[in-house]
Structure formats: C-alpha cells, structure tokens
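Both complexes below contain subunit A, partnered by subunit B and then by subunit C.
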Partner chain A sequence: MTVTATRAPRRRTEERPSLRQRHPARFFILTGLLILLLLMVAPLLVVAVNAVKSPAEYAANGPLSLPHHLYWAGIVDFWNRVDFGLKLWNSFITSLVVAVLGVVLSVFNAYALGIGRVKGRTWFLVFFLVANLLPQEVLVYPLYYLSKQIGLYDNLLAIIIIFTVVQSAFGTYLLTSVYTEFPKELLEAASIDGAGKWLSLWRVVVPVSRPTLAVLFTFFFIWTWNEFFLPLVFLISNDNQTVPVALGVLQGDRMMDATTTSASALIGIIPAMVFFLIFQRTLTRGIAAGAIK
Partner chain B sequence: MAISRRGLLAGSFAMTAALALAACGDDGGSSDSTEGADAKTLTLWHYEGPTSAMGIAWTKAIEIFKAKHPGVEVKFEEKSFEQIQQNAQMILNSDSAPDILEYNKGNATAGLLSKQGLLTDLSDQVTKYGWDKKLSGSLQTTAKYDEDGIMGTGKFFGVPNYGEYVMVYYNKAMFEKYKIAVPTTLAEFTAAMDTFVKNKVTPLAVGGAEYPAQQILYELALSKADRTFIDDYQLYKNKVDFNGPVLTYAADTFADWVAKGYISKDSAGIKAEDMGVSWEQGKFPILISGSWWYGRFASEVKNFEWGTFLFPGNTLHPGSSGNLWVVPEKSKAKALAYDFIDITMSPEVQNLLGNSGGVPVAADPAAITDAKNKELIENFNKISTSDGLAFYPDWPAPGYYDVMVSGTQSLINGSKTPKAMLDEIAKPYNENLADLGK
Partner chain C sequence: MAGSTKNRGYAVYLIPGIIASTLVIIVPLVMTVYISFTKWTGIGSPRWVGFDNYTRLFEDANFWASFGHILLLILAMAVVPTFLGLVLAAVLFDYVAKKFNDRWASVLRSGYYLPQVLPVAVTGIIWGWILHPSYGALNKILETVGLGSLARNWLGDPKYALYSVMAVMIWFQLGYPIVMFMSGLQRIDPELYEAADLDGASWWQRFRKITIAMIRPELYVVLVTTTIASLKIFGQIFVLTRGGPSNATLVPSYFAYKNFFEKAQVGYGSAISTVLTILIVILAIVFLRLQNRAERS
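So, the complex of A and B:
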C-alpha cells in the first residue's frame, strides 16, 4: 500500500517531462526564437537605455551600460526644443490623409484595370511598376520646380499629393493582381440584381476586399510616417515639418548628441509602433484573406 | 550605409540642381545698406544646438537685436544641418528663403551659392562696419569667394563668428601615472607615446572611419610645411608634389606610428563619436581633434582631469573659421540682417561665446573668466594672428573627404605602402585641378 501510495504522486510529476519528451525539438525552437527576438530587439533596447541616460554617464560608461538613475531631461528637452507635439500632428495628419486617399485611388485604378479590364492594362501596370521603382531622388527637382510654380513649396499639401500618388502606384499594382482573381460569380450576381458598375464597386468589390485594403492602409500610413527625404526637401518651415525631419535637428556638422538622439529616436518610433500594434491583427487577417476563393 | 548612400545621391542631385539653378539665378546685385531697413520681420535660421556656445551667444544676439528694433519680429528657426546642407540651393531660390542664415563655409557650399548669385555680396558692409578689422587673414580666407566660387580672394559673401582648430587633448591622470611631462617638441611627443606603448597603453584615440585620422596625417604634413604649401594645396597657387618631402614625411610617419603601436590597428573602423567616447572613458590618454569637442568634454568628463596643448612643434594647425552668416539675395530685410551680424560681432556676444566654451573670432581674452576657456581662446588667437590656420586636408576637391578616409584607413590597415597611398590621393586632387582648368 505504502509503495503504491508513494508511487502515485511520482507518476503525476513524471507526466510533465514526458510531455516535453514528446516534442524534444520544441525546446530548441523556443531558444532559437528567443535568441532571434533578442537580436531584433537589441538595437531598440540600446536606444531605450540611452534615451534615459544622462550625457555625463554616457561619456563615462559608454553606450552599453545601464543607467544608474532614470534621466528624463533628454526626452523633455528634445520635445520642447522641436515642439514635438506639432510635429506629431503634422506627421499624423499627412500619413492619415495619404493612407485614405492612397487606398481610394488604388481601388479606383485597380477596379478599372483588374475588373474593368481596360485596353492596354498591361502597359498601365508596367508604367505603375516603373513609377514604383523610380528612386525619389530622381523626382526631387521636377517636383520642386512644379510645387514652386503652383505655390505649394513648403506646404504639407505638396507632400500629401506626392505621397498619395507614390503610394497608390504601389497600391494599384498590388490591388490589380488581387482584382484580376476576383470571383466573376459575385459580379454577375450583382449585375443580375441590377447593380451598375458604380454600385457593384461599393457594394461588392470593396466589402469583399476590405481586409486587403486594410493592409494597404496600414502600410501606406507607416511608410508615409517614416518618409524622410521628400519631406526634408519640401517642408522648409519648422511649423510644417514631420517627425523624421525634426529628428534630423540633432545631427550636427561634426557633433552628435548620442543621448538626446536616442531620446528623440525613441519618441519618434513609438507612434509608428503603437499604430502597428493596433493594426497588427488586420495585417495578419488581410494576408490570409488575400486569396479570395 | 544608408546615410552614405543618401549622401551620394544627394550629391549627384546637387550637381544637376546646380546646373539648373545657375541658369535661373540672377547675378548677385550690389548690396545697398538701406535695402529692407523698414522690414517688419527678420527670419533667421541656424543649426547650432541651444546649449552649444554658438547657440547661447546667438540667443543673446537675438535678444539684443529685439531690444534695438522693437518694431521688428524675429522669426528664429533651428534647422537641421542636413536640411540646410542638402537643400540650401532650392530654398534660397524660392520665396521661402530666410533673411539671414548660418551656412557652411567652403567652395562646394558658400562658394557654389555665391557663384550662382544666391548670396548677397557683403564687401561694402564688411568695410562699413569694420568686420574686416576683427577677422584675421586666415579667417577671411573662408569668407571671400571669387567669381568661380573659390575661396581666398574676391568678394565677401559671409561673416564668421567663431573659429575652430585641431589640438591635442590629454588625460592628465594618465600622464601623471607614467610621469610624463607635457611635450613641447615632436620628439618629446613621440617619446611620451613610447612610454605609453611600453606600459601596454595605446596612446592615441583615433577614428579611422571618419575625419580624425586624416587630421593627424595633416598635422604631420604641417610639421614640415610652410604657408606656401598651404596656398598651393588649398588655393591651387602652384602644383603640389604628392611625392615631395612634406607629404612623404607625413605618410611615412603616420605608417610608422601605426607600426610602433601609437595608433591601434583596430581604429580603421572607429567613428569619430566612438573615438570621443573612448577617450572620455579614459581608455586612451591622447586625442588629436578639433575644438568642437571642447564644450562637450568640459561638461561630460568627470572621472579625470584633462588639458590641451597644440600639436608640439607646429606653427601651422588644421583649423579655419567656423560657419558663416550669409544673407540670401532674396532676403527682404537685408539692412536688418547686416545689423544682426554686427551684433554677433560685438564684444558682448563674442565674449559670451568665449565664456560658453566656444572659440570667438573677436573676443577680448581678458573678458573670459574660465581659465580653461581662456587657454582655448588664447591658443586660437595665437594661431590666428600668426596666420597659422591651415584649413582641412579634405577641402581642395569635391568628394575628397572619402578619398582621405580610405587613404588613411589603408595606412592603418597596412594594406598600402605610404607611397601607394600618396599616389592614390594625388589622383582625384589632380583631376579636380584639371576640371578647374588650373
């Protein structure tokens, strides 16, 4: 009796290792993933650590040391110095408008090219692809000249127009290939019900492809948020600048201020990360829904 | 990597923009000292941090200006260096141009814009306000540009407020530990470094991936050079012999310093920022670099005492005027801009610049209270008044910075002999001369 009594609990404890034995690879996969995660997060961690370190401590112990006390002055100073709230608003409004307009424009284009099957659509697509591959540096001077002529130089509107076009070039390309695979039955059913082209776009095509559109929206938003070069060229006044341009203030001729740069990088990246986290689920859903059957 | 690629593209773009702008820019009209005197706003840009010596001094200058012109609104914007560097041509050719701004000195920057007629000729103002009396000859070099946009002669297109020069920073604690006196000759300097090497300490903190290594090479060249060499090398007065005694000595000695362990072989990949931090951490006793570090070291180094001396034995030192105040041709408040420049040259603002750890061009050393700042400024005045500013090794040709970086890196790695390295850096230099038709 005593023997079985002692054995019973032991067997219960043995159950867990036996589970692990069933999947010996799990442990290695987990460690591998952890190492990968650490590698991915490490630069971000270094930024975060240095953002709350005082310059003197940075000088004495280098970039990898842990701060002895949290030093928030770097972040606060930077925020006030560049009027960061305004920059956030500028970035947010530009990215939002570009994302919305970019998606709408892409839908119209893709509807015509993918479902409407207009003549010469392959050439349109090639054109959009080429426009996509063009480096922005090539576009700068013509864009500068045009925006100066119509009085939009140093104006957020210029950036909104430019990026709506740039992003929707990609959107059109992607969405067209989605729409060429669009189930004919749905469209035929709609037309039997008496829906015109306009109605079937809004009532059928857009709702069905909403997950894909959400993905496009998210990407357009983040891409526009992170744009540096064209905003740097076009947004001259400090009142018009976006977040990445404002971060440039800290890069001097020969000097860089490592702690303040880290602080600015941290508060510059947080909004994009928050946005990404919020829309992360639409992203995964959208990718799964890309294959409409 | 990303930045250098962007820089490259921006550079090539700047070339095209330059061509296009040259066509539309009107030639710099003569400046009238009363033009824009009744303007109600003064838009002013600079890219110095608010706690830097220049930032502090210029904030004061703005205050003084406001007190002097109560009816004028000063619209000050702190810009990023990169934005000004990349876009100045486009901005100054548009209606968004400020009335006055800080801009980089040099042939490729202020020189190019002056050639395109985007900057106002300040020559009359310079004599009228007497700024030329406050600026020594070698400081004026970077403020004057000829019709090809080459510095040294011609009209004034900018006014510098501050100077900069390369010196030797040393860790007093480490010098005391090995009982080394401050060297006054190059021989004593090498003896001091020998002592460090014997004690297994690498003496020099060097950033081989950026500007510091080439400045050491240039210091060594200057130890054998005279003013004629500078004029030839920087202002193209005569052809420079890259295999001549001056540069051969510099390259040989530099290679020798690497071989003897004064310069670590690892330093080829070190950036200037990391070099500065490693010196601040006391990992190296000596750092040869510019006065732009001074304020930062003063506020950040707490663990040891440090001091500076000029590169021993040299009468010529790498250095120049700082960046310039320039007045765009499109400025709507030129007279106010001149007045602002005059305020920045006043003893009050200049002395404040000195007391904040900067190197003013026209301060009274007696008015500088901090002993260390005083030493910094006195050293500068010594160099400046004896016409000892030799500019920087990468100035003579566009893109020469990268040539010098890879040249010095190959010396540190030992991948090239000094002679091969000199031949390598001679090529782009001579190509540029050919382009200029010299």
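So, the complex of A and C:
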C-alpha cells in the first residue's frame, strides 16, 4: 500500500516537466485551449470579484484586485432597490407556465401531425417552421395594439400566451419528426385494449416520449427566461418586469457605478448558472437531439 | 376511407394549435404587412399610402446602414464562430479527448458554452460595464499594465462601437457551434479515422475529408440559425449601445423598434420589419434547398 502511495506522486512529478520538451505540440495546443477558456470565463470572473467589492476599494485598487473583505452591501442595496425578489418570481412563473403549456400544445400538434398524419401535414409543418423563424418585430406592434384593446397590456398573461405559441412552433416541428417514427405496435396494443385516442396519448405516447418532452421543457423554460424584446415592450410597470427587463432598462442609469453594475450583473448571472447546472445533462442531450433533425 | 376517418379523430388535436397560432402569429403578421402600406401613429385609423413607406425606405441612408451593419454582424455571429467552432470541436474531440482524456474535453466544452446560457440582457450589462470609458474594467486594466494609450471609448466612439459589439458577439456565440459539432462528431465511426491514419493522412486532410464531410448536417443547422439570429439581433444592441453612437450600430430590429415606440411611425416601422421578414424567409428557403441538394448528392 505505502509503496504504491509514495510511488504514484513521484512518477507524476517526473513526468510533468517533460511534457513541454517531449510533446511541444501537445503542450502548446493545451495552453492555447486553456487561454481561450480563460478569455471566455474572464468577464464572469471579473464581474463576480467586483460585485463583492466596496466602491472605495474599487476606486483604490481597480477591477483586478481581489477584495480584502466581502462587501455584500452593493448586492443587497441593488436587490432592494429594484425589488429583485419580485422580478425573480415574475420570470420564474412566466417561464414555468410557458414551458408547461408550450409542451402540451406541442404534444397536441405533433400527435395530430406525426402520429395521426392529418391531411395537409406538410403545409402545417412548413407553417410552424416559418412561424419559428419570424422575427418578433413583425408581430410586435399588432400584438401590442390588440393586447391594449383587450386589457392584457402590461400583464404577464399576454407574455405567457405569446411565448407559449412561439415556443410550441419549434416544439411542434421537433416533436413531429420524433412522433413520425413512433412504434406503431405500441399504439395498436393500446387500441386493442380499448383505449381511445385521448387515452393512448396520455398512457402511451407521452410516457414513451418523456425524454424528448423533458428536453423541450428545458429549452422553453430557459428561452422564455432569457427573452428580452417582447417583455421589454409589454411589461412596462415595475411590478410586472422580468429579470432581463429589470436589468436591461437600468443600463446607463446615473445610479449605476462600477460595483453596482457588477452586482446587478452577478444576480442576473446566478439564476442562469443554476439552471445551467440543473439542466446540463438534459441540455446536452437536447442539443444532440436537435442536431439530428 | 378507413384512413380518412382515422385521421379525422386526430385532427381535433390540431384545433388549439390552429386557434392559438392564428391569434398570435397569422393575424399580427397580416396586420403588420397591411400597416406597412399606411401612415399610422398608432392612434386613430391608418391612412393608405401605397408603396410610400417602401420607397422612403430604399432612400433612407439609415436603412441601408442598418443592413450594412448586419453583414458585419453575420461575420461575427455566424461565420467566425462556425469556423472557429469547427476547428475547436475537432481539436477537442479528436485530439484532447484522445491524447488527454474525455474529462478535459467536456470541461473545456462547458466553459466555452457558458456565455450561451446567460440572458442576452445580462451579457449586455457585463460588457457594457467592462467597456465603459470611465469606470470600465478594460480601460482600467490597460492603464494598470501601462498600455493606457490603448484605452478607448469602446462603445461610445462611432469608429470602434460596431467592432466592439462584434467582439462581444463572437464571445457570446462561440460555444453554440462547438457543442453542436461535438455532438455530431460522436456519430463518426472511429475506424474511419484509423483507416485514414493507416493511409498516412495528415491531421488537416482528415479534418477536411472526414470531419467536415460527416458533420455537414450540423454545419447547415448552425449556419442557418446563427445567420438568422444575427438578422434578428436586438437585445445586445439595446443594452450595449441603443443603436448609437450616431447610428454607428443601428440594426434593422432596433430601427423598427424606434419607429414603433419612439417616433410613432408605425407604418414605416412595419415596412422595415416586413423587409426583414422577407429576407429571413428567403434565406431559410435558400439554405433548406442547399441542404436538400447536399443530402441527395
């Protein structure tokens, strides 16, 4: 035991200096990749360091020094000033409802198009594909005008309805191609057992395609969370803003100095990072699924 | 006959989708196209003016400038990330994963992908601060290391603003092609590479003949989606520069937004977004045809 334990580290120290000499190409490629990695994450690190630094210390030592003590007042002040808890809740509830309803709508559409092979399905698919590509600018003014007419302007409900439809256009497209390959035997077995189309959908199709639905749910949640343009137009009052809108409209505000700005950026980054960590597995799988279509 | 009754049972499931898309997509789309032929402030009723908005558009220097900026943004958001992403994905998959191990490759991949998960508005805030002329981190860093003469008003000087935005967009986009290409590379049979090695093929030959050929589907998907994303860019521009300074970073979507909500020129704004939409649809059709042709041959 002790022999192997002492030998292992020594072998590594012998090998390390020789990497550069024995494999120069290997050494330089790895160094290059690590420098690139540093460039990619450096902005986030700089933000994190300065979000917990006092303005006085920032003025004295600049953006690269590590803070001598953790200064939370910047984050707390900003949180209270924009009532950030409320914005988090607005973003969360909007994204959650859109993700659930968007998946349900996609499932209905794809059930009819992929499994039911309804007449004119190619045209429906082309429609959903085009709908998915449309820039929101071409829809925004009528949506703004109509929602004012029916009293949904400055209301989370308007955003929920719009994004449910927009996201489900993508969902329909992806899910239809999955359902086209759905094993017919499973559906036949269900119908022999006397299940109608409604029961087959919930007892057979949805459970079997659960991994794909989880991926769609993840996409819809994160996409809706990150949306900026339509929430900016629709959610004008402070109480209704989502996180990106609340942070975005404060840019260039006179109240924003270096440390407050990084504090605001940090509390915008953290939820995104949390989702990233939670959903990373589904996400990677999902990107792979999207690539095959 | 039996087939059509079977289908009728399924058609019911399309009803919610059809109603919802009609209300949220078709009606607004038709309205925008109609409004683009009128003069309207958003109040009262629109007045029909025929093609006036479009003729005005084609004489408007800002309109042409905004599409010129889009060409540069396509370079920064689609061309450069796709090319770099291709090389990086191949190096990570074919070199790092084999010579070191999978763990390194996946850690690097996640790191490169990180900017992609941030909300667009937040990336704008981060870079807006780093590039700020008086309290921004970049100028402070340059001063600290004695390169103070290189400090610039990165986003506030019309000479540099668009290039600064382009640099930010490369940073933002790079992870997407890497992840897409790496997932595509997993389909490649390792024996293909071994056979190429036995034939004495160089890394570059293998890259061109095997890697690129095998992940062509991903290549098309990435190019289409990133090009369309650059045509639609709004959030970063809104947060970083608001189209300024003196329209140096104006893009079509922000141009339309300004006409809708700041100048109350709804007809003109509608014409801009209609042109943008037509361009995107044409682009998508061209790409799809190219893709189909490539798949057939």
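Keep in mind that, in the parts below, the second predicted complex is superposed on the first by the 226 of 293 C-alpha atoms of A that agree within 3 Å, B and C clash if a C-alpha of one lies under 4 Å from a C-alpha of the other, contacts with A are read in each partner's own complex, and residues count from 1 in each chain.
Criterion: a contact is a pair of C-beta atoms (placed from the backbone, for glycine too) under 8 Å apart; a residue touches a chain by one contact, two chains touch by 3 or more.
Bear in mind the structure is a predicted one, so any value in this text is a computation, not a measurement.
Engineer: If you stack the two complexes on chain A, which partner ends up touching A:V245: first (subunit B), second (subunit C), both, or neither?
Structural biologist: both
Engineer: Looking at subunit A, does subunit C or subunit B touch more of its residues?
Structural biologist: When the residues of subunit A touched by each partner are counted, C comes out ahead.
Engineer: In the superposed arrangement, which partner chain does A:E185 touch: subunit B (first), subunit C (second), both, or neither?
Structural biologist: neither
Engineer: Regarding the shared-chain residue A:D154, is it in contact with subunit B (first), subunit C (second), both, or neither?
Structural biologist: first
Engineer: Classify the contacts of A:M40 with the two partner chains as first (subunit B alone), second (subunit C alone), both, or neither.
Structural biologist: After superposing on A, A:M40 lies in contact with subunit C but is clear of subunit B.
Engineer: Taking the superposition on A as described, I'd like to know which of subunit B and subunit C A:P142 touches: first, second, both or neither.
Structural biologist: second
Engineer: In the overlaid three-chain picture, which partner chain does A:V233 touch, first (subunit B) or second (subunit C), both, or neither?
Structural biologist: A:V233 contacts both subunit B and subunit C.
Engineer: By the touch definition at the top of the document, which applies to A:D257: first (subunit B), second (subunit C), both, or neither?
Structural biologist: Both partners.
Engineer: Taking the two structures together, which residues of subunit A meet both subunit B and subunit C?
Structural biologist: 62-63, 135, 137, 140-141, 144, 229, 232-233, 245, 248, 251-252, 257-258
Engineer: Subunit A touches which residues of subunit B in the complex?
Structural biologist: The touching residues are 6, 9-10, 12-13, 16-17, 20, 47-50, 52, 77-83, 86-87, 90-91, 94-96, 104, 211, 272-273, 277-278, 280-281, 290, 292-293, 296, 299-303, 323.
Engineer: Mind listing the subunit C positions that touch subunit A in their complex?
Structural biologist: Spelled out, the residues of subunit C in touch with subunit A are 4, 6-7, 9-14, 16-17, 20-21, 23-25, 27-29, 31-32, 35, 42, 88, 91-92, 95-96, 99-100, 108, 110-112, 114-115, 117-122, 124-130, 132, 135-137, 140-141, 144, 171, 174-175, 179-180, 183-184, 186, 217-218, 221, 228, 231-232, 234-235, 238-239, 252-253, 256-257, 260-261, 266, 269-270, 272-274, 276-277, 280-281, 284.
Engineer: Would you mind writing out the residues of subunit A in touch with subunit C in their complex?
Structural biologist: Those in contact with subunit C are residues 26, 29-30, 33, 36-37, 39-41, 43-44, 46-47, 50, 62-64, 105, 108-109, 111-113, 115-119, 124, 127-131, 133-146, 161-162, 164-166, 168-169, 172, 197, 201, 222, 225-226, 228-229, 232-233, 243-245, 247-248, 251-252, 257-258, 261-262, 264-265, 268-269, 272-273, 275-276, 280, 284, 287-288, 290-293.
Engineer: Could you please specify the touching residues of subunit A with respect to subunit B in the complex?
Structural biologist: That would be residues 55-56, 58-63, 81-82, 135, 137, 140-141, 144, 148, 153-154, 229, 232-233, 236-238, 245, 248-258 of subunit A.
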